[in-house]
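Take this structure, written in structure tokens, and hold onto it; I'll ask about it next.
Order as written gives the chain letters A, B, C and D; numbering starts at 1 within each chain.
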Amino acid sequence: MKPNETHTTTVRILYFARLRESLGKGEEELVLPDGVATVGALADFLRQRGDAWASELGAGKAVRVAVNQDMASPDTEIKGGEEIAFFPPVTGG
Amino acid sequence: MKPNETHTTTVRILYFARLRESLGKGEEELVLPDGVATVGALADFLRQRGDAWASELGAGKAVRVAVNQDMASPDTEIKGGEEIAFFPPVTGG
Amino acid sequence: MPVRVQTEDFDVGAEIARLREGNPKVGAVASFVGIVRDLNDGDAVATLTLEHYPGMTEKSLEDIVAQAQQRWDIYDALVVHRVGTLQPLDQIVLVVVTSAHRGESFRACEFLMDYLKTRAPFWKKEVTPQGSRWVEARASDDTAADRWS
Amino acid sequence: MPVRVQTEDFDVGAEIARLREGNPKVGAVASFVGIVRDLNDGDAVATLTLEHYPGMTEKSLEDIVAQAQQRWDIYDALVVHRVGTLQPLDQIVLVVVTSAHRGESFRACEFLMDYLKTRAPFWKKEVTPQGSRWVEARASDDTAADRWS
């Protein structure tokens, strides 16, 4: 990670478990599009990619989101520089 | 034990833990005195020996009794042939 | 035999492994180990001697295990309790329960400990700097056992 | 470190012994072992693969242990969770808690399992005769975790 990363508008997005398999990737770097300032807005943006993105992140799918490794909600703000993870409900233990 | 023991009026009495130490014995054979037909009556009889017997088996002392290795109450009948144990509340585990 | 009273120490890992050995339906193992502490009721404990009632103790432990088997959907249960003279840090008692799901083995394991504490004929005598003394039964143990009735 | 995520198996007896080593104030050790079953939701399970979120998983387990330390009067707690591909009879998870008296270690041990099941980022994928499938989260686990809030 670059020292000035928190001042860029790039985020690192991680996908786990069923999402990683369905979306075909475990992580990506994304320059935050204009107007994307919350977790909810980011999910909306990703859904517009269509296909698996629309269905896996769509309504009725239980998806959890963590920002910088803390559980987040659709309202959680993102500014760039964050590590954002999407994953299904956990099933460990 | 003799095969006909259940037809005698002898009982085997066991004492454990604090009672064994205070009474100075761990077990004894006793011919049931006339009129002693319950655990409560047996305790009354033993108390009449005085000293430690009176105090250890006396009112206010928490003493448990088992007849043939099952927990018993003062009303539990005894006919002879039983193994009767007196002991303090248990403290294992 | 789900119940043992012995003077020798026990190996927790080996006992757990043996209890679930070859049963691929076991998804949960709850266990408890009781240990001699160096302090009881404010006094230093040098040794702890455990006495039992041979015959009745085993019988009462087996009865408690049978009750647990009836009350919960568990596979196996094991109780090992030591007698004789022990020192601080020594293991006293082991309870292990296996089941498919964790709730049942947790419940049964705690039930076994609560019932064992209040119903199985064992007595503890401590040696402290003030001399030796028989440990008194605790009201809190009766309260714990009463939860299950 | 009270928390470990690892591919290697663990030795329950050794972990318990290490956690209470040299602490003569420990009178109670409650522990739980989770194991791969050969049957889940009615289907035979050939293998189970566990995935986690390196970094966040450890962080969330440490947070859960810290919560247990705050809520109960316990000495130490340990959580070991395996990842990678496992088979029926393999150990998945170990939770151990030490305390002076048994109530606290039982409570904290069960709390740790309930919170771990619903909050720590682990995911299970099973291989069955019907192919491989991601295990679905259970409502009963949420209910169990809700007891503590």
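Here is the rule we go by: a residue touches a chain if its C-beta (ideal position, glycine included) is under 8 Å from a C-beta of that chain, and two chains touch if they have at least 3 such contacts.
In this text the structure is predicted, and so the values were computed from the model without any measurement.
Q: On a CA-centroid basis, which chain has its centre farthest from subunit D's?
A: Comparing chain centres, B lies farthest from subunit D.
Q: Measuring from the mean C-alpha position of subunit C to the mean C-alpha position of subunit D, what distance in angstrom results?
A: Their C-alpha centroids are separated by 23 Å.
Q: Give, as an integer number of Å, the spacing between the C-alpha centres of subunit D and subunit A.
A: The computed centroid separation for subunit A versus subunit D comes out at 27 Å.
Q: Between subunit A and subunit C, tell me the centre distance in angstrom, where each centre is the average of that chain's C-alpha atoms.
A: Spacing between the chain centres: roughly 49 Å.
Q: Considering subunit C alone, which of its residues make contact with at least two other chains?
A: In subunit C, the residues touching two or more other chains are 34, 113.
Q: Using the touch definition from the top, which residues of subunit A touch two or more other chains?
A: Residues: none.
Q: I'd like to see which chains touch which, written out pair by pair.
A: A-D, B-C, C-D
Q: Inside the complex, what are the residues of subunit B that reach subunit C?
A: Going through subunit B, the ones touching subunit C are 14, 16-18, 62, 66, 69, 71, 85, 87-93.
Q: Residue numbers of subunit D touching subunit C in their complex, please.
A: Interface residues on subunit D, with respect to subunit C: 11-14, 16-17, 20, 24-39, 88-89, 100, 102-103, 105-106, 109-110, 113, 144.
Q: Please output the residues of subunit C touching subunit B within their complex, sorted ascending.
A: 34, 50-53, 55-56, 59-60, 81, 92-93, 113, 116-125, 134-138
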